[in-house]
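Attaching a single structure in structure tokens format; questions to follow.
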Amino acid sequence: MALNYDQALEKYEPTLGLEVHVELNTLSKMFCGCATDFGASPNTQTCPVCLGLPGSLPVVNAKAVESSIRIGLALNCSITPFSRFARKNYFYPDMPKNFQTSQYDEPICVNGYLDVTIETEEGPKVYRVDIERVHMEEDTGKSLHVGGATGRIHGAEHSLLDYNRAGIPLVEIVTRIIPGTDKYAPEVARAYVAELRDILRSLGVSDVKMEQGSLRCDANVSISPRNSGVLGTRSETKNVNSLRSVERAVRGEIIRQANRLEAGERIVQETRHFQEESGETRSGRSKETAEDYRYFPEPDLLPIVADPAWVEELRAALPEKPSIRRKKLQEAWGVPDKEMAAMVNAELLDTVEETVALGAEPTKARSWWLGEVSRLANEKSVAPTSLIQPSEIAEIISLIASGELTDKLARQVVEGVINGEGNPRMVIEKRGLKVVSDDSALMAAIEAAIASQPDTAERIRGGNIPAAGALIGAVMKATGGQADAAKVRELLLKHLGQG
Amino acid sequence: MIHQSAAQMSADLAAGSVTAVELANAHFDRIAAVDGDVHAFLHIDREGALAQASAVDASRKAGEKVHPLAGVPLALKDVLTQKGVPTTCGSKMLEGWRPPYDSTVVTNLKKAGVVILGKTNMDEFAMGSSTENSAYGATRNPWDLSRIPGGSGGGSSAALAAFEAPLAIGTDTGGSIRQPAAVTGTVGVKPTYGAVSRYGLVAFSSSLDQAGPCARTVLDTAMLHEVIAGYDPKDSTSINAPVGKMVDAAKKLDIKGMKIGVVKELSGDGYQAGVLTRFNEALEALVSAGAEIVEVSTPSFEYALAAYYLIAPSEASSNLARFDSMRYGIRVGDDGSRSAEEVMNMTREVGFGREVKRRIILGTYALSSGYYDAYYGSAQKVRTLIKRDYEAAFAKVDVLVSPTCPTTAFKIGEKSDDPVAMYLNDVCTIPVNLAGIGSMSLPCGLAPEDGLPVGFQIMSPAMKDELMYQVGGTLEAALESSWSKPLYASAPELAVK
Amino acid sequence: MAAISRDEVAHLARLARIEMTDAELDHLASEMDLILESVSRVQGVAGADIPPTSHAIAMQNVMRPDAVVPSLTPEESLSGAPAREEDRFKVPQILGEE
């Protein structure tokens, strides 16, 4: 009998560590002047340096160093007074020099932390994630595997290489083991990556698009029998390209390892690949025959000695921390913790903020984005922000406030905008979704309703106000839902002597 | 006309008594006549050279101001990239590779209007002291065709000695400019590390490699030095400072009051008697010219060779990893069934020669976890000691001197089976590279016992390369007046075909 | 005792991606022994207080501004490729990681 997550957690304790790779959004590459545009045609952004042609030499991109220091500062790291590049030697066809220019024992930032909050059964809980190091390196090229049935490496007949991505600046952020996560390891992992992403976005140093690979997370997971005091063998799961996947990958890996140990098998130290479809991980390269990377100081590059005055200047210019910003927004909007958390989890905080900035009432903005728009986005499996603009939602909210739309009509407007029928005004126009606010037209409908249900009208006259519902319903039906129900109610009651 | 100095050719070109095209053709004729025996060149770029020469002639004719060396021919070591021209580094691995870019040295040469005749032979990836390690056959010493021309830049020096070119570019990682200069009776300079851009120099050992000028006279060498040196933003290790006045220094012919240190450790056992004889005569000439000679001890030099043979192979093992048949160079064994890894393994087996493989394996070992501290780490510390020895010495003297190599040119094949004996050739030149300072080799006569050229080495402090030109120019003038002609003029006539 | 065994040389050759025959491995192992014997002289020469020198000429903070300069054309980039398919380098099947 296979153990499920809860059963696995009863017997084993997980240990979690995370490595995040961030592609910086510099204009040019880490060591050469080639552009870094995403999606350019193959090998159009390559030169002798990033192709590793014989004789070429690297020169460090100053902006990449600055961004790395800012990241370190935002993660409460110390900026090392002396930092160096090193060569990490191993062969791989997508790596033009067959060594990666990286940093080894002298990284640019060390010893930071990041606090993340997750919802637990006992309420919100803060975990401090210690950052071991932040270092600079370069990305590899991309390979396309051709000929096999799956399009994957296995079974491919040959591979095609595009080095446009080779040499794009990467920053690697490595945590220490995150203590005490226990069964919340998956949630902590997700919250950490989410928080980190928000920080990187606020710094403006990266596009942080997990689906495009500009933010990549490797999860190191091991488990050990409860109270055994030993550290288990860890696996490193790669290919995790969404926040949801981070959580699923950690959970999946805990379950897999527990079941292996239950079956009397041992855990192999290896790289595993997350499978988006199944939520499981698949074995990649075994690290049993540990690669010997033969690190040594990069002779073609010189040490970086960050001027303390410059570092302080960068520190002073850091943007507000996302956690502080969230607290301020929450106070300003007066929303409860739970709703705030929902917005953050749905990655709609920025969007709601933008909508509010355009004049919408915070609770309304929140409920439209998390409600109707998210529901439609879910149906289509896309991001809510890809369906409709904050300005359009803000406009719709203001039309409701002024009585020009009812909630029901507004939902139709949203649907129209999403269907590509134009902006809200155009949808209202085309679909004829104007609220019927002409009193005489409404009165005619009200009188017709009274005439058709004289008994009900009589009960209302006698003081049975709740009975009005039936007549209001009839009026709404008669007007095709385009009347403002509150207005109908007001006119009806008045007409029957109860207003 | 090919027997003249580059300075004389420059003057003739300026006076209009010869054209650059005539000069280039005269050298191509010479190459055709003698290079079958010497084998200094791997590739002749007749078309490119003549185009450059015509352009220079046209500029001169139009009265435009051109560089003094515009139109003077040059032989380029095949380790520097030249756009569209084959660059093999003496290796089968790069057979047929035509780089899509110019090295900065070549850019500077082209800018000055220097006419690049072709690419010269070398030990594969500059690893060697005899040019026997070239995948394209050995180069022969014009002084004695049965002997080596030195290495790794044997092709460049042999081309100078055989009057196939008046100027050449070499690269020097542990003596690859100076040792060939010494054994061919020519002049070679390894500038201060960072003085000449390494961009486009196919790396052997990045922290030691340095390109430099080679010629038959000190003045010619100085003129070429000023063309190729200078700050290059494409090389992070390039020195951002103005180039010194090398030509002025070479012409100064005055060393009165200078203190010259003789390195005690670079003499004695293992040094050929005739080498020491000529070296001591040169010291006397320096004294006569007004210099003061003092003996200087540099105790850490004893470990320089060992440190070098760890540092250079370590860096090489990483630098040469890129030759994997994926993006350029030859590819072996790709039959559609083998994996990329298998094809890499097969290509590197076939593409690299024995010495290169030996050094890659040695470097891989020295960097391995568990051995790093004992080998690479210790060697980098020895490097600090050697630097300190130089600093202490230069606190006392202006320049240091020694023989360039312990012996004159040995026979082809004599040491090819004994790597350790071969490595000993570089014992005098290596400390310079480890410390990053500048150094020159110039001829100081023929050894009495074998009649072969002996090299005299002058070492100057970092970023004071003009000092070695000042001393070298003075010594050259003094020796030539005692010989009544330049040494290169006594080279035996080569059979002309 | 030999400083380095044949198996170690074979391991190094694997790390360095060089195929070698048994005869080559044997030959190289004996050569490596000699070379290592002579280069191991560096051990213990410098005390713990001596810093290693990685760059002979000490410099620091050499950087370039973040500016785009023209790349090679794909034609130039691929000019040396042993094999290509349109504008990509064509290489044998890659085993291992995805």
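A, B and C are the chain letters, set down in written order, and residue numbers restart from 1 in every chain.
One rule holds in what follows: a residue touches a chain if its C-beta (ideal position, glycine included) is under 8 Å from a C-beta of that chain, and two chains touch if they have at least 3 such contacts.
The shown structure was predicted, so the numbers you read here are calculated from the model rather than taken from an experiment.
Student: Among all chains, which one's averaged Cα position is nearest the averaged Cα position of every protein chain shown?
Tutor: Smallest centre-to-centre distance to the global C-alpha mean: chain C.
Student: Pick the pair with more C-beta contacts: A-B or B-C?
Tutor: B-C
Student: Which integer distance in Å separates the CA centroid of subunit A from that of subunit C?
Tutor: From the centre of subunit A to the centre of subunit C is 39 Å.
Student: Roughly how far is subunit A from subunit B, centre to centre by C-alpha average, rounded to an integer in Å?
Tutor: 57
Student: So the centre of each chain is just the mean of its C-alpha atoms; given that, what is the distance between subunit B and subunit C in Å?
Tutor: Chain centres of subunit B and subunit C, defined by C-alpha means, are spaced 24 Å apart.
Student: Which residues of subunit C are in contact with two or more other chains?
Tutor: Within subunit C, residues 15, 17, 54-55, 59, 62, 64, 72, 77, 80, 89, 91-96 contact more than one other chain.
Student: Which subunit B residues sit where two or more other chains touch them?
Tutor: In subunit B, 97, 99-101, 207, 233, 236-237, 317, 321, 324, 326-328, 336, 340-341, 344, 364, 368 touch at least two other chains.
Student: Hey, what residues on subunit A touch two or more of the other chains?
Tutor: 48, 51, 53, 59-60, 91, 93, 157-159, 161, 292, 294, 299, 301-302
Student: What residues on subunit B touch subunit A, complex-wise?
Tutor: Residues of subunit B touching subunit A: 80-81, 87, 89, 94, 97, 99-101, 103, 198-203, 205-207, 233-237, 314-315, 317-318, 321-324, 326-328, 336, 340-341, 344, 364, 367-369, 372, 376.
Student: In the complex, go through subunit C and note every residue touching subunit B.
Tutor: Where subunit C meets subunit B, its residues are 4, 8-9, 12-13, 15-20, 28, 31-32, 34-36, 38-46, 50-57, 59, 62, 64, 72, 76-77, 79-83, 89, 91-96.
Student: Can you check the complex and tell me which residues of subunit C touch subunit A?
Tutor: Residue list for subunit C touching subunit A: 15, 17, 54-55, 59-74, 77-78, 80, 85-98.
Student: Within their complex, state which residues of subunit B touch subunit C.
Tutor: Checking each residue of subunit B against subunit C gives 97-101, 192-194, 207-208, 233, 236-237, 239, 300, 302-303, 305-307, 309-310, 317, 321, 324-331, 334, 336, 338-346, 348-349, 352, 357-358, 360-362, 364-365, 368, 374-375, 377-385, 387, 419-420, 423, 433-437, 462-463.
Student: In the complex formed with subunit C, which residues of subunit A make contact?
Tutor: The contact residues of subunit A facing subunit C are 26-28, 32-35, 41-48, 51, 53, 59-65, 91-94, 143-147, 152-153, 156-163, 239, 271, 273, 284-285, 292, 294, 297, 299, 301-305.
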